[in-house]
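Every chain is named by a letter (A, B, C, D, E and F) in the order it is written, and numbering of its residues begins at 1.
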Amino acid sequence: MAESDRVRTGIKGLDELIEGGLPSGFSFLLLGGPGTGKTTFGVQYLYKGATEFGENGMYVTFDEPPYSISNNSQRYGWNIPEQEKAGKIAFVDASPIKRQGATATFVPPTLQQNFLGSAKFSVESVLTEIKEVKNKVNAKRCVIDSISALMLQFRDDFEIRQQTLKLIKDLTEMDLTTIMLAENAEDRQEVTRFGAEAFLAQGVIVLHMYRVEESNVKALEVRKMRGAKHTDRLCPYRITSEGIEVYPEETVFRSV
Amino acid sequence: MAESDRVRTGIKGLDELIEGGLPSGFSFLLLGGPGTGKTTFGVQYLYKGATEFGENGMYVTFDEPPYSISNNSQRYGWNIPEQEKAGKIAFVDASPIKRQGATATFVPPTLQQNFLGSAKFSVESVLTEIKEVKNKVNAKRCVIDSISALMLQFRDDFEIRQQTLKLIKDLTEMDLTTIMLAENAEDRQEVTRFGAEAFLAQGVIVLHMYRVEESNVKALEVRKMRGAKHTDRLCPYRITSEGIEVYPEETVFRSV
Amino acid sequence: MAESDRVRTGIKGLDELIEGGLPSGFSFLLLGGPGTGKTTFGVQYLYKGATEFGENGMYVTFDEPPYSISNNSQRYGWNIPEQEKAGKIAFVDASPIKRQGATATFVPPTLQQNFLGSAKFSVESVLTEIKEVKNKVNAKRCVIDSISALMLQFRDDFEIRQQTLKLIKDLTEMDLTTIMLAENAEDRQEVTRFGAEAFLAQGVIVLHMYRVEESNVKALEVRKMRGAKHTDRLCPYRITSEGIEVYPEETVFRSV
Amino acid sequence: MAESDRVRTGIKGLDELIEGGLPSGFSFLLLGGPGTGKTTFGVQYLYKGATEFGENGMYVTFDEPPYSISNNSQRYGWNIPEQEKAGKIAFVDASPIKRQGATATFVPPTLQQNFLGSAKFSVESVLTEIKEVKNKVNAKRCVIDSISALMLQFRDDFEIRQQTLKLIKDLTEMDLTTIMLAENAEDRQEVTRFGAEAFLAQGVIVLHMYRVEESNVKALEVRKMRGAKHTDRLCPYRITSEGIEVYPEETVFRSV
Amino acid sequence: MAESDRVRTGIKGLDELIEGGLPSGFSFLLLGGPGTGKTTFGVQYLYKGATEFGENGMYVTFDEPPYSISNNSQRYGWNIPEQEKAGKIAFVDASPIKRQGATATFVPPTLQQNFLGSAKFSVESVLTEIKEVKNKVNAKRCVIDSISALMLQFRDDFEIRQQTLKLIKDLTEMDLTTIMLAENAEDRQEVTRFGAEAFLAQGVIVLHMYRVEESNVKALEVRKMRGAKHTDRLCPYRITSEGIEVYPEETVFRSV
Amino acid sequence: MAESDRVRTGIKGLDELIEGGLPSGFSFLLLGGPGTGKTTFGVQYLYKGATEFGENGMYVTFDEPPYSISNNSQRYGWNIPEQEKAGKIAFVDASPIKRQGATATFVPPTLQQNFLGSAKFSVESVLTEIKEVKNKVNAKRCVIDSISALMLQFRDDFEIRQQTLKLIKDLTEMDLTTIMLAENAEDRQEVTRFGAEAFLAQGVIVLHMYRVEESNVKALEVRKMRGAKHTDRLCPYRITSEGIEVYPEETVFRSV
């Protein structure tokens, strides 16, 4: 596969695990429990795309509102509003939470009534916004935060699976390279609830957090990556002041 | 993040685990089994807010009636009725249990018919009361006791999730810094039943109780705290005569 | 809390675990598997109340009929019919099983058609009887035998939770100090099925039975006791010829 | 309790575990996996009643047909047809399986259309037959084989519980001392599926079968016995050429 | 029990475990995971019946088509088509899979539209065929392959249980000695899903397969056998070039 | 069984485990978790069939689109488009994802509206396409990717089982030797969700992936293979630059 077919994640240490980056034009599932850094992973993917790899991106949120995501990113030295102003990163704000005047984020008027939890919410109309914003900023990268939030909106598993299928289908056909965040209620390695998403996705990356006595140890696993020869070792990662870093050379557990 | 963006919990030892306090203006989940001190945590958060940090607060109860909460707080030397009279703490009483003449608590007439279990109960009307009381006492802090109680009122999971979403959405938009109590039937670390709440919340704090031979050991875990660099170690805590105290320097389990 | 606010259980060794007795005027859950002595606990609470603490009581049964409860209590030297005649203990008999002429128990005519399993059964009408009997014997104490039996009568969990909520609400408002028995099918420590009851109740006491090789070891745990500083150690108990005795100074398991 | 209030089981070694016998006039649950000898236990209870204790009995079968039960009892030297002719034991045959001319068993015409699985089956009409047969043979003892079979007939758990409740209620009011057989699909100690039955019953006896390497070890446990001081040890039992024998003095597992 | 009441299985080593054979005229459950040899067991039972014990038999298949069963039996030297031509073995073909001209098997015209998965399928009409074929070949033995297949046809558990009940009832009344195959999805010892079948059946034989490191060890267990004194030890078995052989004298696991 | 009745898989090391190949004309289940190489297995089976064994094949995809499957196969040196042009391999493209102009794959017009997730999707119409394509390329081999995808399309288990039954029935009657891929959400050995498929299939091959410390170990198990004497040992396999290779002589786990 030519290098131009790879989308570099900007997560230090990750690209070398997957032959240089994510296969271009597909959707990938990022699965992790609370506190594993999924949102940080997503923002870093877009920020590095915009500032280092010349690829613009969009962040679609059904959960945390954009102003909060922007604020929390300052900790890593990522100035998201600056990138928004430069037209390199855009939010599609379907968060149920709006704070008046709190953000300069681009919020298409149609989404004003179209947030998660609203009776008017539909994946269809979110996709319409995604298409518009994609064209506006010429986005190559996309983050969906999160697949899990859809279960709030739909009553049964069948509906959730159908909507997820629709989302993946359309994002792939828009040629976006998408990372879909998904939250495990528990940090077990169970992907059960995301069975349908996990096999529809072109790849699955799992963020593990293991309790070892009183501390937590974090490890990233590339569970599946179609079209890429990938390691299947657990690799330790940490959330540093510069974002997420994976350490392919280190071991997760001490040898006994 | 500026220090002014932090809401100090008043729980000794906790604030230093989360960079000085809870990020202001969001909702947080406090999860624990029976006997872990959730109500004490909630009252302490409001009492310290009112008496030490100059921030008023409101206690919304769907469960234990206000007079009982007030009475039980005397054990820690917290004079809640005094704070109520001073207009610094207010109850929103949606408890199913009323005892005539037993409390001087502020009970808005609309809530007289609006308690949990009543056919007239709705999250909507509780929110109306919350807004009124918030304005009355100029509340910055809020405690919801408890998310779990909502499952008594609603028939299916979808409805419970939708109502919880609505609650979090509105509380955030009112700019309240809210602690939502949630009870695990079991003291396992399972957050399963609170999956939706856990990922909608800006942070999740878990109160653990481990049986070690014939005794119980208590430990607090900051499971998730968006926008705050937080420890992810288990920290022992105790319920002392002055309320809850966390001991970040101590270890939960003896080394073997 | 003043001592007068405490209701002494009459279970030897228990009151000292909970600062002198149960907080007055609330409902408590007593949870245990088959054979752990729940009925004995309930009868002892009423009998000791009537004969030692000058507080009358009522036993509401949805399960074992009163004549059988009375007969089985003779084993502990408790003469229940005598107390009934003296107007100190009364049964509210909603047991599905009636034996003609077998008991002199007070059975209000309205309950004749209102037993568990009957199409006319309702928590509402049982509560009406409870109120009447309460007034008749001036009851301060109440035993509900059992919360578990309600699941026989109602088709879905939602209904069971709503009816339990109603029961607790009304018993509290009648100012009765109530022990609600609840049966675990299994003697695991799972309180799952009683989640709603467990958090509505002011306190939860669990009777454990552990199989150790071929014998059983019994242990009482005060899982939760709002408004009382309580031990959270497992304490061994035995069913002696004088009823239930708890041994706070002993250990349940041998040290290894 | 007077000895006349006890019904001797005729199972060698069992009566001494429960103060001389089953409390008279109640229903008891006998719970065991396939191959634990439940049917043998039931037949032995009736046969010994008729031949040694002067108490007649009836065997109500929803499962194995009477001719098969009779045939299989010959192995223990119990001549059931002889007892039937003498009017000391009677079958109520609600088995779905009829073999023409294969048995001289008393089959009331009404039951001809009333077997398990038939559209005309109802607990009500079985109870009508039970009453008739009880009067005919003056039965004091009753065996129900089995509670588990009812789940074949009724669509939901609620219905099964209601019907079981009705059965226990009526059998108790007929003053029969009844053993209700119930089959665990698995020989785990789980009584879960029989939760309702287990707490409605006056007593619960469990037949365990433990696989120890390649053999099975059998043990009887008196899980609950209202109105009887009973052992709660596991006692080994065996199925010998003379029926079931319990060995209260032996241990189930070797000491290690 | 007279020896003439026994049906010899033709499985080497098995009959001696159950006092000479299966009790005549009843239905038995053979339970095993994929690859444990259930079909081989069933064919061997019929083939040995026809060639060694002078008892004809019928194979009722809802699953694998007859031509495939016949072909696969050649491996053991069993010439099934020869027995079909001799009128000693017959298939009732309710398999969903038909291959034109592939088999000389007797397929009654009524079954042409009556295969599993067809809208016209009913247990009733399969039973009609079974009766006809039974008369045609004077069958004493019957194999049902498989009970598990019925779950493909019926929507809910209640319906499956009712249909199974009907099947067992009619087969017993036809005086056939029937082995009903049932497949566990997993080779655990769980019989849960076959609870109803397991207690309706006169006997239950389980084929276990244990993974020991990288190999599988097979063991047969007679879980239940009404009317037969049977071993309850696990006995190793193997699938040899002459069919299934059980080794009652060997042990399954090495002693440690 | 004659060698001509065997279909050689082209997976190095596998055929010798199953007497030379898959029994011809049946459907087989290939079960594995994400990342175990199921798609590679399927493509290799077709590619080797076309290039080494003179048997053409068809790949039916409900999941990954053909262009992506083709691209990813280049890694193993398999030129799929070349085989398509030669009329030796054909895709039936029911993938929900279409990329305009991206592939020269044969897509029958009827399937344009008939992809998974579309309201017009039916197994029936996919089968119509399969028949057409089979005739066009004279296919002997077939791969279904995947059975798991059907659960996206159908609302309840009954429907999924019925549709799977229909698929297997028709593929068998077309005399295709089919490998049906099925994805376990988890890499446990649980085949539970595929119970119906597993017993309808003529054989079941499981691809295991065991986490051993920080690495994964892969092992292939032939769980069931009707009509073939097969090993039941776990055999290690690897995904090499030439596709999947099984190592029957090696052991999966080191001896301890």
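In this text, a contact is a pair of C-beta atoms (placed from the backbone, for glycine too) under 8 Å apart; a residue touches a chain by one contact, two chains touch by 3 or more.
Keep in mind that this is a model prediction, so the values were computed, not measured.
Engineer: State which chains count as neighbours of chain B and simultaneously of chain E.
Structural biologist: Common neighbours, chain B/chain E: none found.
Engineer: Quick check: how many Å separate the C-alpha centres of chain A and chain F?
Structural biologist: Roughly 31 Å, centre to centre.
Engineer: Based only on mean CA positions, could you tell me how far chain B sits from chain F in angstrom?
Structural biologist: 53
Engineer: Counting only residues that touch at least 2 other chains, which ones in chain A make the list?
Structural biologist: Counting only residues that touch two or more other chains, chain A contributes none.
Engineer: Among line, ring, star, complete and other, which best matches the way these chains touch?
Structural biologist: ring
Engineer: What's the ring order, kicking off at chain A and moving to chain B?
Structural biologist: Traced from chain A through chain B, the chains around the ring are A, B, C, D, E, F.
Engineer: Per the contact definition, I'd like the list of chain D residues that touch chain E in the complex.
Structural biologist: Result: residues 34-35, 39, 63-64, 68, 71-72, 74-75, 96-99, 116-117, 146, 148-149, 151-152, 155, 183, 185-186, 209, 211, 213-216 of chain D touch chain E.
Engineer: Can you list the residues on chain C that touch chain B in the complex?
Structural biologist: 1, 25-26, 158, 161-162, 165-166, 168-169, 172-173, 175, 189-192, 194-196, 198-200, 202, 204, 219, 223-227, 229, 232-235, 251-253
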